[in-house]
Amino acid sequence: MTDFSEILQIVGLSILVSGTSTLIGSVVGVPLGVLVALRKFRGRNFVRTVAFTFYGFPPVLAGLLVFLILSRGGPLGFLGFLFTPIGMILAQSVIVMPIVMGITISAMMTVEKRLHDTSLALGANERQWRTTALHDARVGVFTAVMVGFGRAISEVGTVLIVGGNIRGQTRVLTTAIVLEISQAHYLEATIFGIILFVIAFAVFAFLQRLQAKGVV
Amino acid sequence: MTALRRPREPLPWPSFVTVWRVAFVLAALLILAGMAVSIDLQPRSFIILATTTSARDSGLLDYLVPYFQSDTGIGVRYTAVGTGQALDLGSRGDADVVFVHAPSAELAFMASGQGLCRSPVMMNQFVVVGPNQSDPAGILGLTNATIAFERIRTTHALFISRGDNSGTNIIEKTIWSWVGYTPSTTNDTWYKESGQGMAATLDIASQLVAYTLSDDGTFLVHSANLDLRIDVQHDPALRNFYSVIPVNPSVHPSIFVAGALRFAKWLTSERGQSLIGNYTAGGVRPFQPDGQDLCP
Amino acid sequence: MSAAPLSLEGIHKSFGTKPVLRGLDAEVQAGEIFSIVGPSGAGKTTALRLLDLLDSPDAGRITFHGKSYPIRSPESLAQRRRMVLVMQNPTVFRATAFENVAYGLWLRGVPDAELRGRVFAGLDFVGLLEAAKESAEKLSGGEQQRIAFARAAVLNPEILLLDEFTANLDPFNVRLLEQSILRYRHETGCTVVIVTHNLFQAKRLADRVALLLDGRFVEVAPAADFFEHPVRPETRAFLSGEMAY
């Protein structure tokens, strides 16, 4: 049965994996979203549609694809990332990135056109303008990051397939819940679920405070 | 993007830009942390074992692994998946050793040269379990599952199947075929499919006061919480044989052959075999050591 | 080759098939307040955007001290930074008043200590020093436009372009802003081009006035002459309010 230190380890790993993948997904997804929203280029609408489509991309499928890539028999097998936390992080990043990018694009599209003229009129070049627009749409962009985190912390298919739910190594809250359910340990499963909920709540509460204080 | 190179032009909203740079650095640090947690320096100090959910659910692995680790200093990271996937992980080189109980699939695995050697380890049995307080099909005490299934069919007694193409489910369907009958949920209201693992299926059988087929290990582990008892056991046809198969290093150079062989030999050694024989669940010892070291 | 700070030679601009500017010619003198008046939709805003190098003309040249700048070149960015365009309908950033006024200085990499001094001076100039830490979106329309002016003034532009920028404001703020323009020009000697449909404002502020009609400057004259002795019949019709458009 799981003892306290094991629970702690599961919680810690959950936060590490989901937190890191949210960060990676955001660090890549936000600038990409800004570029797609603001820069004109051929095929822009196509890229936009693709980004939005990936919202609905099933995490289990992403998990399968990453598994095939990270498997020893696969192209990136030499890295040895399968059944490890770093593999789980990479796999979740693949899911989080399109979500953050898509919502960022939507948020950026709400920025007024007049702001562009104002910004240029005050001496901005296009790169400075993109930062300005991002700053103006920051509430929406921040929402994108939060939605990305929500998806990461709650998803189970990807981390199960790529991580293998190995005790002490790649077991996170969601996969622990699946395991407990398969053993008909419904009470334990519910407890893990409550812990997950509390963590998500704490993270969102913290992020909200950051936002209220104007840090972001 | 903006954070890595020195900006050509300064960016407005300095605090905002700082936050993004901090996020970038934090992401980089966490990636490094993630890799540090994941990296195991060569030579490897652990084996990756692919096994089935039944092997895990019986609690045997969690019982054995710490002994192996303290005896040999080699860690065991095991992932429990379906039989088919376990063997597939072996053939991909993602697992160093495979521990399953599907003889025909194992032989095919060996025949294709993917296994280095195959040693029998232990056996347990499948049992027909039914409600504690009643026996509508009258099968208590039988040692022949085929007869039991026939009685369940003729009395239309409630039966829960796993319905998930697992090893257990395949055995169940095989017995029905011996009876000459293929039940279906549409035609037979007494036959239900849970589509889930063994423990959940047992739970459902307990709640609905029904019969089901289970491996004895899982049943014994959970028996305290179930209102079920073993009705039919010791049927020779329902014996379940486990083998351990170290993966052939020719499959992939990353296979930790020494560790895999160590594990296989340990399981079939006196030490491993006596531990297996002594393993108790629900007051019973479900596993009968049957090991033989056939590895080099 | 004209050495005037701002010169338009034969400017044409169309949007799609619709021609808006059909040959604008003018020369703005250093330190003067040059007012452009005319009916709505005549192309006044378009002209200002061309002057601010936000857009390029289909034909003709705009020169600054005799030099012209193709719109996407780095030199054009440098020239753009020597001017500021303030638009109608205050467009403030989602930030504090201080940060709004500081924006242009941030863009130019002005160091912090100097930046703070200039921003506070600018806020003081328009009488909004106490509002420095307030969110700019929460200010009234008039206050936002004053912020917009301060935002422009702190950059010490050589040329200030104002597009109907006291439209929709109450008399108090209109007066305050007009005083600010005059003070600013007096203190810095910068050149101001102001587009307005308020003839009284043009009378109060302008040194010279130009009437933009059908895509051309129909008449350009010193303010007194323009209003009291207009030469062209169109000017007379426009001033008397008899022109229908």
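For clarity, chains are labelled A, B and C in written order, and residue numbers in each chain start from 1.
What we mean here is this: a contact is a pair of C-beta atoms (placed from the backbone, for glycine too) under 8 Å apart; a residue touches a chain by one contact, two chains touch by 3 or more.
All figures in this text were calculated on a predicted structure; none of them were measured in a lab.
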Subject >> Chain occupying the middle, per Cα centroid >> reply: A
Original post:
Looking at A-B and A-C, which one has the bigger number of contacting C-beta pairs?
Top reply: A-B
**OP:** Please name the chain that ends up farthest from chain B once chain centres are defined by their CA atoms averaged.
**Re:** C
Original post:
What whole-number Å value describes the gap between the mean CA coordinates of chain B and chain C?
Top reply: 76
Subject >> For chain A paired with chain B, centre-to-centre distance based on mean C-alpha positions, whole Å >> reply: 31
Original post:
Distance from the CA centroid of chain A to that of chain C, rounded to the nearest Å?
Top reply: 46
Original post:
Which residues belonging to chain B are in contact with no fewer than two other chains?
Top reply: 9, 11-13
**OP:** Send over the residues of chain A in touch with two or more other chains.
**Re:** 124-125, 128, 132, 135, 138
Original post:
Tell me, which residues of chain C touch at least two other chains?
Top reply: 95, 103, 107-108
Subject >> chain B residues touching chain C - in the complex, by the definition given at the top >> reply: 9-14
**OP:** Please give the residue numbers of chain A that touch chain B in the complex, ascending.
**Re:** 16-17, 19-20, 23-24, 26-27, 31, 71-74, 77-78, 80-87, 89, 124-125, 127-128, 131-132, 134-135, 138, 164-169, 181-185, 215-216
Original post:
Given the complex with chain A, which residues does chain B contribute to the contact?
Top reply: 1-2, 8-9, 11-13, 15-17, 19, 23-24, 26-27, 30-31, 33-35, 37-38, 48, 53, 57, 62, 77-81, 92-94, 196-197, 199-200, 202-203, 222, 225, 252, 254
Subject >> Residues on chain C engaged by chain A in the complex (per definition of touch) >> reply: 49, 52, 54, 77, 80-81, 84-87, 89, 91, 93-95, 103-104, 107-108, 151-152, 155, 161
Original post:
What part of chain C is in contact with chain B in the complex they form?
Top reply: 95, 99, 103, 106-109
